[in-house]
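Provided herewith is a single structure, encoded as structure tokens, for subsequent inquiry.
Chains: A, B, C and D, in written order; residue numbering restarts at 1 for each.
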Amino acid sequence: MPRAPTPIVPLAEAVERFVADGSRVALEGFTHLIPFAAGHEIIRQRKRDLTLVRMTPDLIYDQMIGTGCANALVFSWGGNPGVGSLHRLRDAVEHGWPTPLRLHEHSHAEMANAYVAGASGLPMAVLRSPAGADHAGKGARLGTVTCPFTGEVLAAVPAIRVDTTILHAQQADRRGNVQLWGISGVQKEAALCAEKVVVTVEEIVDRLEPKPGGVVLPSWVVTAVAAVPRGATPSYAQGYYERDNAFYEAWDEVARDRQGFVDWMEKHVLGTRDFAGYLRSVAGGEAAARG
Amino acid sequence: MPRAPTPIVPLAEAVERFVADGSRVALEGFTHLIPFAAGHEIIRQRKRDLTLVRMTPDLIYDQMIGTGCANALVFSWGGNPGVGSLHRLRDAVEHGWPTPLRLHEHSHAEMANAYVAGASGLPMAVLRSPAGADHAGKGARLGTVTCPFTGEVLAAVPAIRVDTTILHAQQADRRGNVQLWGISGVQKEAALCAEKVVVTVEEIVDRLEPKPGGVVLPSWVVTAVAAVPRGATPSYAQGYYERDNAFYEAWDEVARDRQGFVDWMEKHVLGTRDFAGYLRSVAGGEAAARG
Amino acid sequence: MAVTASRLLEDGAVCFVGIGLPSKAANLARATHAPNLVLIYEAGPIGAKPTVLPLSIGDGELAETADAVVSTPEIFRYWLQGGRIDVGFLGAAQIDRFANLNTTVIGPYEHPSVRLPGAGGAPEIAAHAKEVLIILPQSERTFVDRLDFVTTVGYLGGGDARARGGFPGRGPTAVVTDLGLLRPHPETKELVLVALHPGVTVEQAKAQTGWPLRVSESLRATADPEPREIAALRRLERPAPVPPSRGAP
Amino acid sequence: MAVTASRLLEDGAVCFVGIGLPSKAANLARATHAPNLVLIYEAGPIGAKPTVLPLSIGDGELAETADAVVSTPEIFRYWLQGGRIDVGFLGAAQIDRFANLNTTVIGPYEHPSVRLPGAGGAPEIAAHAKEVLIILPQSERTFVDRLDFVTTVGYLGGGDARARGGFPGRGPTAVVTDLGLLRPHPETKELVLVALHPGVTVEQAKAQTGWPLRVSESLRATADPEPREIAALRRLERPAPVPPSRGAP
């Protein structure tokens, strides 16, 4: 209980120590602050048999699924926003490539509530969810509870709890307190439903200045911090850089084809030592866009 | 559905139009931003048979109960923080003076969760609340639900819904959007569980600048706004004025005695036209502290 | 399609919008006849006022122009389930005659021929919004006799099935397609073709529907886009003033 | 009393504190041996570092010095019920031999002779915090054979009654009074006097307890306040630098 201060470590060390093969891992961030650098490091370290949890899998899980890190996915909307399909996710589901993927599928409302329940130490969340829709085969357990006051039957969804949550934030201070701001999605709930919390940040600062819309995670709920500038690219970090919409649009072509995807991942992710190397690799790749 | 803009009106008009005798009313603010001006106006207009809802009744409900506005109280902690008893609340409960008061009594956790359920459109909240404590006679209904996934028995508390919630905030803009910041307690939930929402503000501004810790209520959930500078006194408004701790300490003497209380309310509240008049009256009363 | 849909939105309404066509139509309405339309996106922005169309539902532009940004759980709990949404605006991959929607799979769930993105916010938007607008292209592949998967409930089997199900909102009130406009029959809740875009024929609409399509006796033509609508659409669709991808894949 | 209580708090612990004596003791600990003590107040501040003692639980000083300020529902849901509190620190009007607490009424509930403030955060703090410290003055009126009302559960009827009740936290581990220190017996959970403040006798403690008080065989004296503790208390208790009441009642 005399707590050790939160370690500030290289990302590779954080992933090695706190992401175990076969564990349940959430990398959250609703379009904003998606922890791409951490996802790449998981790919580089060839973690296997992960259960990946995330409302919107986005390109980062497309990459992790396509490189065989995961055997299960808990999610609520699995597309490339505004562009189309996540081809690697589809290939895993439709053809079991590179490895079969079990799905546990929710609506956004169910999943957001399930995260809240996990953060609140409850075994379940209660919500008004429509009856009559298909659930067969979706892999997500649903139940009901009856309100003891009104007799109404309400939907129940099991709480989400994970082994490790990884977030990207704008800033941490030297003691490991973290602040993120802008669209904050379910990041707080994802952090507070996890055994271990790893946060990559744009920068380490002397003092966190409270920001409008700021979400603060005190150091004592943060397991480790790693400084990774531009670590959410091609997602964005409000106040630091914009979303790389062109990358999202171009990804559709890269991921459509297995070999093209493998070559791209080999060259830019597996073939680089760290995220700075990745950024240099893709920046140099504008002409050689197809890998 | 083409919505009328939120009216900005004098406080007396807002109370007259939106606080009905016999209705269920919440004036929230956890120590910070307590809507004293609105409470005084309810006293001046001699509203009757209100069910008052508030986690911490504080001096404002002591004054409203002592002047006979209420016949029921929903609450979770009824003291003068750091000072002692609320003598008018006690007198109403212990001796039915000036009128009997039905209590519906919760813990903070129950009541905070009940507000959340009300804001969420649910009939009840589910929490882990201790079994074994006394509930007999407390007037608050409690029930249980069983988790369909784990079999755990959890406590259930009925949602709070009210006719009118009144808040005090630092700022509104001219369209009736409201922003408050600092300790924000259950204000958002109190607003969102109400049919009508009246907000007194320190000032009307051209544009709300997003603040750290800011809670924004869009104009379309706000029924009316009234500008009442210093309207939370003797509570405080972060960025505007401090809590008047000396007033809280001195109140203990004023409220201890029925006649002293009546004289004080006659002189400073019922005998003044509005909150500005009240502020002048008590400011002039330092020597004549006992009324 | 976006123009017709945008005209269905009344000024001042609170509208929960998905990205893509719904966002485009809602922002067109805001730029033309409904300047006080309140746009809520599931990532957290309330009262967003983007000047260009966002590509994704969590774009920075949405947060920076919003009256408030709240957490995603709060959006679904306090704002949607709390009953504060007038209009839910949805797209879909498949629709049936009772306006039930599929965005999950084509083919059987366990062995889909096409895995679609899934539910997202749609099931609860359709359940809780006071009314629901749906926008999707019309063809035999999208307007199907039987959905491969019921992701989102419209009127279930029709008639009073939805009403008996205890849904807080009253359900879909219009379906806008590239061919025209459909409305549910007041009693049976089956979708009825009530308007066609200029140049589209009833036969064409029937041929591009996977069930025997009912046509209103008072079938009308939708009005041509007005110049100000076209101009507003152009402004919304101009490229955002951001640098090109620094990391071309 | 505050000094003895402050010494029970380990550096780095996360402590949920009520206003008054608990806040005083916790801030004294932070000012002396436990600079990394994390203070959480129910109004919303997390990691508050007040330099003077707050009068109320929502004082501005608490928010301005905090690492984060969250809503009251979040405090009770994510932080307390979420299992993140090491130490809950409570006062009370009455306590029984199994450390159950009454802060509701003296006399029958419907016709109380004294109406007390009520539950506040105590029931759930006592249920969820990993351990609970209690601080209150000791007299026959406060240490009673039978509570008039069980507001907050300590060990219920003793033994394994609490453990069987499914409470997440392990319950009260110490009761600090103006006479000394009591701890629950490891098996029976009945409070045992384990230390006396300098100058207090066992007979006095027994006389000021409403049940036959058990005394530890290894009864010790609490250490006198150290100079740095006294100095820290004086600093915390100095008048806050705010103007006097502008509205004297």
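Keep this in mind: contacts are C-beta pairs under 8 Å (C-beta built on N, C-alpha and C of every residue); 3 or more make two chains touch, one makes a residue touch a chain.
Because the structure is a prediction, the values reported are computed rather than measured.
Set against one another, A-C and A-D show the most C-beta pairs in contact at A-C.
Inter-chain centre distance (subunit A to subunit C, centres taken as mean C-alpha positions): 27 Å. Chain centres here are Cα averages; for subunit C and subunit D they lie 55 Å apart. Subunit A and subunit D have Cα centroids lying 40 Å from one another. Within subunit B, the positions touching two or more other chains are listed as 116, 121-122, 127-128, 152, 188-189, 213. Those residues of subunit D in touch with two or more other chains are numbered 77, 81, 128, 168.
Looking at which chains touch one another, you get A-B, A-C, A-D, B-C, B-D.
Within the complex formed with subunit A, the residues of subunit C that make contact are 19-20, 42-45, 54-60, 62-64, 69, 71-73, 75-77, 80-81, 104, 109-124, 126-128, 149-153, 156, 161, 165-168, 240, 242-249. Contact residues on subunit A toward subunit B in their complex (touch as defined above): 121-124, 126-128, 141, 143-150, 152, 154, 156, 158, 210-214. Subunit B makes touch with subunit D in their complex at residues 30-32, 55, 75-79, 81-83, 85-86, 89-90, 93-94, 105-109, 112-113, 115-116, 127-134, 136-138, 152, 182-186, 188-189, 213, 233-234, 236, 238, 242-251, 253-254, 264, 279, 282-283, 285-286, 289.
Residues 10-14, 36, 38, 46-47, 67-68, 77-78, 81-84, 86, 128, 168 of subunit C touch subunit B in their complex. Across the complex, subunit D is touched by residues 1-3, 116, 119-122, 177, 188-189, 192, 216, 218, 220-221 of subunit A.
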